[in-house]
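Letters A, B and C name the chains as they come in the text, with residue numbers starting at 1 for each one.
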Amino acid sequence: MEKCIQNLRSQSPLIHCLTNYVTANDCANLLLACGASPIMGDAEEEVEEITQLSDGLLLNMGTPKNRTLPVMLKAGKRANELGHPVVFDPVGVGVSAFRRNIANGLMNGVHFQVIRGNLSEIKFLAGLCASFKGVDAGQEERLTSDKIEDLLPFLQSFAENRQAVIVVSGEVDLVCDGGKAYAIRAGHPLMAKVTGTGCMLSALITAYVTANSSHSLLATVAAVCAMGLAGEKAALRMSNQEGSNSFRCYLIDAISQMTPKDFALESETERLLSRIRI
Amino acid sequence: MEKCIQNLRSQSPLIHCLTNYVTANDCANLLLACGASPIMGDAEEEVEEITQLSDGLLLNMGTPKNRTLPVMLKAGKRANELGHPVVFDPVGVGVSAFRRNIANGLMNGVHFQVIRGNLSEIKFLAGLCASFKGVDAGQEERLTSDKIEDLLPFLQSFAENRQAVIVVSGEVDLVCDGGKAYAIRAGHPLMAKVTGTGCMLSALITAYVTANSSHSLLATVAAVCAMGLAGEKAALRMSNQEGSNSFRCYLIDAISQMTPKDFALESETERLLSRIRI
Amino acid sequence: MEKCIQNLRSQSPLIHCLTNYVTANDCANLLLACGASPIMGDAEEEVEEITQLSDGLLLNMGTPKNRTLPVMLKAGKRANELGHPVVFDPVGVGVSAFRRNIANGLMNGVHFQVIRGNLSEIKFLAGLCASFKGVDAGQEERLTSDKIEDLLPFLQSFAENRQAVIVVSGEVDLVCDGGKAYAIRAGHPLMAKVTGTGCMLSALITAYVTANSSHSLLATVAAVCAMGLAGEKAALRMSNQEGSNSFRCYLIDAISQMTPKDFALESETERLLSRIRI
């Protein structure tokens, strides 16, 4: 994991983000903070060229538009051809037939290195029904420790089937591929009070995976740990009067100040990672 | 009013925002801060489905696009059918024929629980001419205490006619329906130095009214008071070097930290509310 | 320069921004912070009316869309007719044929008072090839002091040819017209860790030039100095735990707190301006 952040810092990959207008600014700032560079450009006329000059691609389905599917398909296919990592964030996939159609089109046309969502979104993607409340996981669909054992076979077979790393964000974050799974207990409840923490995590994963493309699973774990640690550091800085917007600022601050050393302490790593299956 | 914020916190309503790309992030963060959840999705293909699974709807007319009117009409009509509160923010209605056309279409096709704007925007909506400067109220059109007496009959007849609560933001904020009116003297001049404080107030009103739908007038007053109090709290935190962006952060912080207790002090409430007509 | 900021504060010009969705919020907040007012509205149906009621126009080419060229042409031509200053920020002009086509169309159809970009963008615009990495200047294309002497004749002939002020942002910022050139050594490396500092500078230049339209060159220099000073002030406020997002907040804070006095100190001005040609 220490090596993952070192590679990110030394390579400073350029990440092409096709993302929503609500959190685009936060994603751009987070990418700069972590050591990557963002490039946004979602016009059908230019999307392939931008994918081509980038190192990795993020497809975030929030606030989809009329041409979102063809634009994302073009970018995703080009990235696949070039061997660039592609990360998919199926924001609110259950909220409309329109988003389901986009998600289906993307799942059929693009290979993703990593797919990240909350439990409802991932279950929906995997073809199961899910109870939705907006773009955040409903209470009953929030990933908690006691659900992991039941869910894991299902998630790993989805991962195996897609040949992708699957990330389910929740009270505990689960990262798995077909063979291994990690449960990461980090972060802070205030993260749910800031819009776009999920979008930012997907952007961070894209940066980590792009800089460590031969180790997608480990790089994804490193990114999820980095976000969790950043949330904890941000919470420690909070004083009495400070609320959710100060926390958001401290969260991005913490990402910008993270060093390989933050991952180097054995004890810290052990605390974060309770490996639940090999 | 104490009850209004309690209901908001306990119900955590999902607010569908059709809003501009400039302040969408701030509105989403403010909604999370106040205890609600935001969902943004403005594609014609999905807008009705999203309205359907939400609890309340905000129509904010900033940065309108080609399809803004039909999209907002679809969402607004569906919300009306479902009995969901709909709040209208006619941002810059006077700046172009295009916006006037959108506003007219919406006023004819949708029933609003609350309409909030600055004095120019509200006068324009009500069919009077107004002198505009951008999307902010011109100096001469800023609502001040001395204008209230003259304006009130006009505003209340507009409210009566629309069966809506009307909010005019300015140096003093006026909230009225056909029967009652409240003048709220709260807030801080720095709020005019932050983009989107009007948009954020409209989002906050939507959250309060959705959680207290049988008391729209009181819920709107509570939201306007909450924003004003937040502005005052934010101003108190400002130290020497801090400027408009720190203030913006503190404003959202204050909303996230507000508790029913903030509304419980009789003296505070009396200071805020000078009821000017019953 | 002292006079430039005084004029900006007293006139409070309304700036029409046709800009990208990633940094629109930051640009709006920066314009309010410096004493101007922003208005965003990029629908083809209303763009000319908004230009007409504004005092100055910013065309920022980030995240271009299908209709970006005709919309910007309409606004730019109307602004030219009205004698309003127009500032052009050719964000990422080299990344796609689509952006090159927009830039060409604008360069042929609109007269700009000021054109601001990084070295790659400006070289591209001027018809030279450039090595690009995303929307930020590649390392080898970053403007440094030792390159100025070589580049100056080229930049000044471009400025002369376009009858415009040219700004090249980099380690040192160069501002020139056909006759004079200034090298401004200010700012802080953390500015590169915040998205949109270039977009914000272009917005700031638009505000300064609009309030001082008969002195475009000097007003541009004042805006570049203001941004640089703000970056230095922001950096001075940074404490141990603070990272890139705190810096971004402090940067806008510093713009909002800047006074004519900040420009009044002879010594400060001399430190900033090493006039390199008259």
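Heads up, the rule we're going with is that a contact is a pair of C-beta atoms (placed from the backbone, for glycine too) under 8 Å apart; a residue touches a chain by one contact, two chains touch by 3 or more.
Given the structure is predicted, the values throughout are model-derived calculations rather than measurements.
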Checklist entry - Taking shared residue numbers divided by all residue numbers at the interface, is the value for subunit B and subunit C over half (same) or under half (different)? => result different
Item to check | Rotation, 0 to 180 degrees and nearest 5, that superposes subunit A on copy subunit B via CA atoms | outcome: 120
Checklist entry - Between subunit B and subunit C, what's the gap in Å when you average each chain's C-alpha atoms? => result 33
Next on the checklist: Residues touching two or more other chains, restricted to subunit B: which are they?
Outcome noted: 21, 25, 248-249
Checklist outcome for this item: Note: in the complex, subunit A contacts subunit C through residues 14, 21, 24-25, 28-29, 32-33, 37-46, 49-50, 53-54, 233, 237, 248-257
Next on the checklist: Per the contact definition, I'd like the list of subunit A residues that touch subunit B in the complex.
Outcome noted: 20-23, 25-26, 62-66, 68, 92, 95-99, 132-136, 192-196, 241-246, 248-249
